[in-house]
Amino acid sequence: MTIKILITGGTFDKDYDEVHGALFFKDTHIHEMLRLGRCRLDVKVRSIMMVDSLEMTEEDRELILRNCRKAPEERIIVTHGTDTMAETARVLGEAEVAKTILLTGAMIPYAFGSSDGLFNLGSALSFVQVLHHGVYVAMNGMVFPWDNVRKIRQLGIFEKVR
Amino acid sequence: MTIKILITGGTFDKDYDEVHGALFFKDTHIHEMLRLGRCRLDVKVRSIMMVDSLEMTEEDRELILRNCRKAPEERIIVTHGTDTMAETARVLGEAEVAKTILLTGAMIPYAFGSSDGLFNLGSALSFVQVLHHGVYVAMNGMVFPWDNVRKIRQLGIFEKVR
Amino acid sequence: MTIKILITGGTFDKDYDEVHGALFFKDTHIHEMLRLGRCRLDVKVRSIMMVDSLEMTEEDRELILRNCRKAPEERIIVTHGTDTMAETARVLGEAEVAKTILLTGAMIPYAFGSSDGLFNLGSALSFVQVLHHGVYVAMNGMVFPWDNVRKIRQLGIFEKVR
Amino acid sequence: MTIKILITGGTFDKDYDEVHGALFFKDTHIHEMLRLGRCRLDVKVRSIMMVDSLEMTEEDRELILRNCRKAPEERIIVTHGTDTMAETARVLGEAEVAKTILLTGAMIPYAFGSSDGLFNLGSALSFVQVLHHGVYVAMNGMVFPWDNVRKIRQLGIFEKVR
């Protein structure tokens, strides 16, 4: 079983730009994280964009959907900014792809050391192996179906809508 | 759904003793790890011992089994040193407790920063929510049934026996 | 001998704001850094502002100067953003205060873990104990007199002007 | 001005051995630490041994002394385990080499992330540039002459003898 990881950016992969003193995207940290976690799964990584999820457009979401569809793998993780993760989940969910697709991300950049990203990656990689076809959000150690999840921005957590 | 976490020690919880320049057990890091991972699951933690798994006795394993049996929770994670994790899994597996029990641990102490512990904890907490009753080892992003797992000590990884 | 540390902000003390996904100032990390470094010097810390050095005004610099003058201590460290550190050094230097004053800072926020801040703090606290009266910049393990230092912004380093 | 750094081991350079679950010496971390600290000094590093300072013999100390003598550099830092740092300082001090020699080390291995090593390295590199000929211990942000320093082992700190 091969798992595809699609990289789209988000807090997960933010780095610190010393010259401008701001956060920016350089490369994905996913390979280093898989190595630190000593992951032994058969994983294929593909970076399809590097954007803040607040700046993600409908075209971006269509591109993510197309990548999910055309991937030969049946099990897919999408790393994604948390602010609009639920919206992208809805686009993927309504498309009814016959695959198991999990969106995950982080509240703190991995480069900050104290990231929740490593925890979430371990969680998403585990859920994706055992859940039935469908689109889910994996955050906070929990898994949410795409049509029953929202982020509470002020608290930085995800919860069920109903 | 409440998840019980039973702490038994292992590399997971090793700390650095400055006075003697050696590794030792102080307290479990599990609460800090759950906080870093922003875990929002209903989790109950119980420390039942703090030992190196190479020094774990049959009495210790019986104590872990008794704790699994008497816990009101149906879903249980046991943090454990990796060297004899497969042996403890066998003791628990042969006892046929009607619960979902996952053993997990770390190759590097959490206190070292670069630990695989955070990744494994995210993984174990996810598997334990969805797997059927049985005893499993969750390491390297993978899950192994208790009767088909061994550690390759020189490589520091787990694999199927057959 | 008591050493005064005046906090003015800069990269040194930037934190990550999870709600807005940006860098901001919360509190100074200086106490935690002194504790990590196991510093046993008699140190008094005073936060006088929390600003990006690019946004520092002449009034801000006058305030720093007044704080250097009125401090009962003869040895003073000023933590400062690196972008205009040399300019503030000039203001303090031209004022000819009969004290030993060192400016230091960091290229990477302490909160990022891989900061140069801890190294620079150890350096500044050492230089300040032994240098004669004057105003200096302590960065890159080196010490520069206030009238012979500039930052090469694209490289993120300090060097002598002549 | 070139500064020689002589590596002798100690907590500074302890690593975690995953196979045996113990601390051991692999390579020195000094190059990575100089890079993190963005040190721009002209530094030459030489590893002469990798030992626990509790296991350091008189021959080892003679070897350190010979290396101090034969080094072309006039300014030397010796990284050293803290437990017998004061003893080695005495051997070097009584030899009356006409150089500035500083011993420094760490209470926590650099590999643990929360090390005092980075702070101490910044401190030692600064003191060594400005102090007169003599042998000193640089720990806790302070500098001690070789004939007036001892470690209080239970507290993990250094203090003057009189």
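Chains: A, B, C and D, in written order; residue numbering restarts at 1 for each.
Criterion: a residue touches a chain if its C-beta (ideal position, glycine included) is under 8 Å from a C-beta of that chain, and two chains touch if they have at least 3 such contacts.
None of the values given here were measured: they were computed from a predicted structure.
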{"item": "A-C or A-B, whichever has more C-beta pairs in contact", "value": "A-B"}
{"item": "Identity of the chain that, by mean CA position, is farthest from subunit A", "value": "D"}
{"item": "Distance from subunit C to subunit B - Cα centre to Cα centre, in angstrom", "value": "45"}
{"item": "Inter-chain centre distance, subunit A versus subunit C - centres from mean C-alpha coordinates, in Å", "value": "39"}
{"item": "Cα-centroid distance, subunit A relative to subunit B, in whole angstrom", "value": "26"}
{"item": "Shared interface positions of subunit B, touching two or more other chains", "value": "107, 113-114, 156"}
{"item": "Overall pattern in which the protein chains touch one another (line/ring/star/complete/other)", "value": "ring"}
{"item": "Chain pairs in mutual contact under the definition given at the outset", "value": "A-B, A-C, B-D, C-D"}
{"item": "Interface residues, subunit C side, partner subunit A - complex", "value": "11, 14, 16, 18-19, 21-23, 52, 54, 81, 83, 107-109, 111-114, 153-154, 156"}
{"item": "Residue ranges of subunit D touching subunit C (in the complex, touch as defined)", "value": "33-34, 36-41, 107, 113-116, 118-127, 129-131, 138-143, 156-158"}
